[in-house]
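In the two assemblies presented below, chain A is common to both, partnered first by chain B and then by chain C.
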Partner chain A sequence: MSDAKQLTALQLVVILISTMIGVGIVLMPRELANEVDSPDLWISIIFGAIAISVISIIYVLLASRYPGKTFFELSPLIMGKSLGFFFNLYYILYSLIVAAYIMRITAGIIKNYLLDTTPLYVIIGTFILVSFYLLSNGAGDVVRFFQLYFPVMLFMFFVLCLLSIKDVDIQNVRPVLKNDFLSTLGGVKITFFSFLGVEFLLIFASLIKKKRVKSLLFTVWTSIGITALIYVIFHIISIGVLGVAELKEITFPTIELAKSIEFQGFFFERFELIFLFGWLTTAFTSFTAYAFSMTLGLKRLIKPSNWMLLISAAGIFTATLLPKGLTEVFHYSAYIQIISLIAIVALPAILLIVSFFRGDSYAS
Partner chain B sequence: MVRSPKLNTVDFLQQMQKMPHVTIKEVELSIHLIHILYIPGITDTKRIQGSILQPLMEYDTKGKGSVTHAFSAEPLICLEEIDDAHHHLLDGFTLLIEEETLYAIDSAKFSYRSVQEPVSEMTLRGARDGFIESLDENIALLRVHLRTNDLAFENFTLGKKSFTNVSLAYMKGEANEELLSDVRTRLQQVNATYIPDGGVVEQLLEKNSYSLFPEIQETERPTKVSSALVEGKIAIFVEGSPTVLLAPTTLNALFQKADDYNFKWIPATLIRLMRYFAAVISVMLPAIYISLISFHQGLIPTDLAISISKTREGVPIPSFMEALIMQITIEVLREAGIRLPKPIGPAVSIVGAIVLGEAAVTAGIISPLMVIVVSFAAICSFTIPDYGLSLALRSISFAMLFAAALLGIYGLILAIFALSIHLVRLKSFSVPYLEPFAPYYVNRWKDSIIRMKLKKGSGNNE
Partner chain C sequence: MHHKILLSGLVLVLLAGCWDSKEIENVGIVTGLALDVSEESSLSMVNQYVVPGKIPTQQESSNQEAPYQNIQINGESFFEIIRENSLESNRPPNYTHLKSILTSTRLFEKERVDQVIDLFIRDHEFRRTVPVFITGDSVEDIFSTEPTKELFPSIQIKELSENYFKNNKIPRNLSIGDMSQKISEETNFVIPGISLEDGFIKSSGAGVISAEESKYAGWIPSENIEGLRFIYNNVQGGYIDIVEEKIDQGPVVLEIKDSKTEYDTTLSGNTLTMKITIHISSVLGEDWGMERNVYKKGWKGKVEAAGNQVIKDKVEQVIRMAQKDFKIDFLDFSKRVKIQQPKYWKQHGKDWNNTFKDIDVSVEVKTKITDFGTQNFNSN
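After this line comes the complex of A and B, so read on.
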């Protein structure tokens, strides 16, 4: 009972969902509306979930073949020292880039909606500082923090949905399946990336005890399923309230949705404050997960020291401040998708195939 | 520990004769001379007369052999070391010297106050007994509520000068063995000269001395101790202190009150929920208020914003300073209220609340809404049952105020994150502080934030 030495299935679900739901929820409606351009764009999310579920089999197989080994321990073991080193380096860079991306979007939204005169580096600096405070003491704290805020996040989504329901115009949601199948499928290339975070099965692997493939797969698929459900409900409500045409134009549709809720006689009248708290929580957990993966990788790569935390924090800070504005960040997102695709599909797949050929299984 | 030299009764007697406060009586028996030593102020002379001298005389007329046979009811301890003899004498024992051997008989009578209701932990219903300054009496009070064989005690002596007796109580079979040995080693590691009170022991046992939150719970109520023991916690009694320490503790335990179990479960749950809500309000409300009016006026409903700006008209100081001044004033009032004698205390709060607050508003220095916000937060903080926790939250409310003044709602949210991270990291005797919320122990949720109905046929768990 003392520390999170081993994760229960529930804890794993919490971690995976907290990592998956992040900045995607504020960006995806617009990107998806531009790509699919029809009210049934939420069907793309289901396809995306199915795609990631298939990919997640790779992680589950790897995790059960080498129980207790993180990605950074796996790659040198399977690929040999030098090739494994490059795998790890790539994965660290990937974590850095995604963390910086999440950070930049978050900071952009904060600047846009809450602190329009505060300099960006102050917003980013304080956020990174708090996040690294959480990281500085290892995985146990991270897991407990995620657990603490998971109900907060769920509650926020629940309330937002409940309050928006009365503004939903059913005409906006119809017709379903008007579109041709191909364009719906085209949306997958956006929705797929909103499920980034499943790969953390391999990062938190040191805390997962040896489980059967079936139960692990069930846990992972449950997490993907719940995330997909939250996304789908959210998108249906977004379309219902704002309409597809409006979704395409607004930079952050979800926040506008929260803003549009008005309750006369309610003290806050405007709901976006509570929404921003809940959403900042999800951004914080996603960011922390990637920053954690980066520090974990660096610990493998160089001698563990306290400087490593400082170096990673400084690295993310610098990377975050590189793009000049949000438009430039959105411009980069296509490259980030390619980088992610290599990191979460190609690398694990290579690892799995090579490990099959070598036939060595750590499990014994 | 270095063993003290062996006792030589003749030397000891000579040494004691030089001590002005030790009374020495010689009792001439038919077989041999017996010396009786005691310190008058801390012994019961009637008891010495009745249960020591009288049996001795009776024994002299008909008994034979050692005097140990004279005492039937009183336990007789045979002492062999000088230090032991000194300690027993100072503990109120009467020493009996029969030739080469020295015996000690309990005859202590220290002055204690009688059992009263604890001032810091009032209840509406339920037991009104509170611990006093006597260790034996406190353990007796505990026994009233917990009459079981499984109750185990271990004794320690802390303080190189004060020799304070400390008793560790736990339930056999309930208390975790790891936890027990942890508490034991921490008690043995205590290296202090003087132990004035239980609060000092608490700080000496704590690991996170930089944390604001209490790692060990303090209580003056025997019922609280007994239910904690049943739950498998460990209680530490300190001689001369009415507070008993309970370890380990969690944030959730600090929010619970004895009264929660004396009412029906639905109102009890509602009250418990309200207490959590009040704690959050007491920490956050002033900070939320100043972040809203100085950073995000757009988030306030229009009508409210207009009325706020009307009340703030003519207030010369920025809202952050306004809040800070009010918060500090309230803290000063609170401290003054505690220190003053009972009849004057309420007078000060009336002067403070009505005269100062009202006058400040009329003078146009403070806006009336700020007075409402800060005083409501202060009232909310009074609902927190544990004083240590309430102190922690009061300090944190200042930090929140600064965070809100620097970065508005964003700063406030980051400050909440930082506070949560601290709590998530904190452990009390290797039990996570936020248990059962992080990590999850779902089966224990029914007695944490909510208080589920008691199962028929099982006792309460406070």
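After this line comes the complex of A and C, so read on.
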């Protein structure tokens, strides 16, 4: 298989959106409903999008100052060998943890809704095997896979929205903007993390042609904008169908939403099964992106790199099976948020500041 | 080459199949569930299984045995009861095609609603769309009554509400998902009622569930459902029957084509007043008066006014019922106040049950007659 040499702007948008939309879309409605506790919770998503848009400027500046360099090449270059090593190690661990988190939630959903008696390790094992088979051929194939399934994913969400509209009770969404504004703003704590994945601009950087800051920023912001739009529409429909009070109590609100669609005596009588297959691809793309970032980092960190795929797969497999149940997984998510905050905000910001001080730039 | 053949063989053997597969012949499909209390232990449950062999085909004449089997089991929890089914039948119950859940007033007098439905919203096999009904009669009798059109009593119950857009005495179906939503929102709600009359399953009235105790609070008779539906703003059709005493040249029947209920709450000081305006668009359906000339202007006014009065009486009766007899708000007024007076709600929402009894509600009905049909006698 030939490897891709360069990404077009559209491919970049597809990668970023596929990575951002993952397990967040099935978990966020409940977390957000608990945090905001008013029908205004979709406004928090817009605030979250704005916050991540500001953060994404760091990545764009880094990517344009050091064209073609991934995060793992950047950190030793800017911070020096030993500090850079720790930066990379941290980033690899971060990728591992997020990948395991995505995997565990996905496995929980598969077990809850699809394969009731299949052991957890079989579900996780097959999922990881398929993902690493994709990774074994390099970044080009990952990108092509994302491109192939992107329309499927969009179509699935579109169909879900379309079929849910008749159940939307607009009274559930009202009153708009009459609620506690501070708690709406506080929802950013949750919505911000649903945009995790923008940092992959730095991971796929080796495939990005040298571009002007403006056009790169435009691409990134477009991806964030589209993702935010999908989230907002989805949340409004979720509130409309289920109501805020009910959202707080359902484990996987989005799938329950799909489950409440029913056409008697028709193929769609159990729509959630069809929806789940569409959603699984989005979970798969998110997972694959993080697994890719982990293997990429490991290959750079330790040489020879032949066994890195197997080591990463085993690492993720073990980490996924660590929590005893979904309660523990949800409990860990608070720590994961702190870890990711350091990985996607603090580290790139330090890199950028130091690089400014050193004044070196490869952009000519 | 050998490797590839071996690999293909392995893939065929290992991947063709499903870990969780169940043979469809061995699955006991349940179309209906009936929940009740029993004397000897706390709970009782009737599962209505499909017996595929007895479903009549088109060629065969009727006069067959019923194509369903009811298994009634008592127990301490519903989960236990479901598992106890294995003592009587080797086909494990499968609820993915459940069509209705029938509950009884006795059950909800004794047990809390939120506790009863816990299993049915927690388990992934149950769908959120399954409608729930309540009855004061014996659930077992209803599930054994020979249905008029359908093969299964449990499906008959559900389909009774199919004409809810033509007859306003039928309450709209309440799915278990809606029920769970009402419970989370801590609002009172009504469950459509079913009764057994002269050996027939009939839709009749509705049972009120109070949010505070999560228990059965009382029955709304059939004739009050229409007023309730105008308040819920889910009237799409139906008719207005204006009897002879209400109008000269009567009786007159107006067919409702469309209806919309608007709420307006105003806050003056600390007292809340609510104004309900119902806009009805209707056509002349049946006219027993021979003197009306629909081709001349001015015939509508009296009929419209009489129609307004009929609906207004019905709606006011339901509101009186909620405020004076039940003393709880099953009319969803709380939702309107929450939306229109969010500040007031934040202060007094907790005390809504006390406030609700005394709020001043005025009802205005605006009926419009838009059409009179294809022919009219005596149009001279």
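Basically, the second predicted complex is superposed on the first by the 359 of 364 C-alpha atoms of A that agree within 3 Å, B and C clash if a C-alpha of one lies under 4 Å from a C-alpha of the other, contacts with A are read in each partner's own complex, and residues count from 1 in each chain.
Going forward, a contact is a pair of C-beta atoms (placed from the backbone, for glycine too) under 8 Å apart; a residue touches a chain by one contact, two chains touch by 3 or more.
A quick note: this is a predicted structure, and the numbers were derived from the prediction, not measured.
> Is A:23 contacted by the first partner chain B, the second partner chain C, both or neither?
In the superposed model, A:23 contacts neither chain B nor chain C.
> May I ask you to decide whether A:256 touches chain B, chain C, both, or neither, giving the answer as first, second, both or neither?
It touches chain C, and chain B stays clear.
> Determine, under the contact definition given at the top, whether A:313 touches first (chain B), second (chain C), both, or neither.
neither
> With the two complexes superposed on chain A, say which partner A:127 touches: chain B (first), chain C (second), both, or neither.
Only chain B is touched by A:127; chain C is not.
> Could you say whether A:284 touches chain B, chain C, both of them, or neither, answering first, second, both or neither?
first
> Figure out whether A:243 sits in contact with chain B (first) or chain C (second), or with both, or with neither.
second
> Is A:13 in contact with chain B, with chain C, with both, or with neither (first, second, both, neither)?
neither
> For the overlaid complexes, name the partner, chain B or chain C, with more touching residues on chain A.
B
> Kindly classify A:103 by the partners it touches after superposition: chain B alone (first), chain C alone (second), both, or neither?
neither
> Going by the contact rule set out at the top, does A:329 touch chain B (first), chain C (second), both, or neither?
In the superposed model, A:329 contacts neither chain B nor chain C.
> Which residues of chain A are in contact with chain B in one complex and with chain C in the other?
Correct list for chain A: 114-115, 118, 122, 269-270.
> Where on chain B does chain A make contact in their complex?
Residue list for chain B touching chain A: 295-296, 299, 301, 304, 407-411, 413-414, 417-418, 420-421, 424-425, 427, 430-432, 434-435, 437-440, 442.
> Hey, which residues of chain A end up touching chain C in the complex?
112-118, 122, 171, 174-175, 178-179, 242-243, 245-246, 248-249, 256, 259-260, 262, 269-270
> For chain C, which residues are in contact with chain A within the complex?
Going through chain C, the ones touching chain A are 18-20, 96-97, 124, 127-129, 175, 177, 180-181, 184-186, 335, 338-340, 342.
> Quick check: in the complex, which residue numbers of chain A touch chain B?
Going by the criterion above, the answer is residues 1-4, 8, 10-11, 14, 110, 114-115, 118, 122-123, 126-127, 130, 133-134, 137, 141, 143-145, 147-149, 267-270, 272-273, 276-277, 280, 284.
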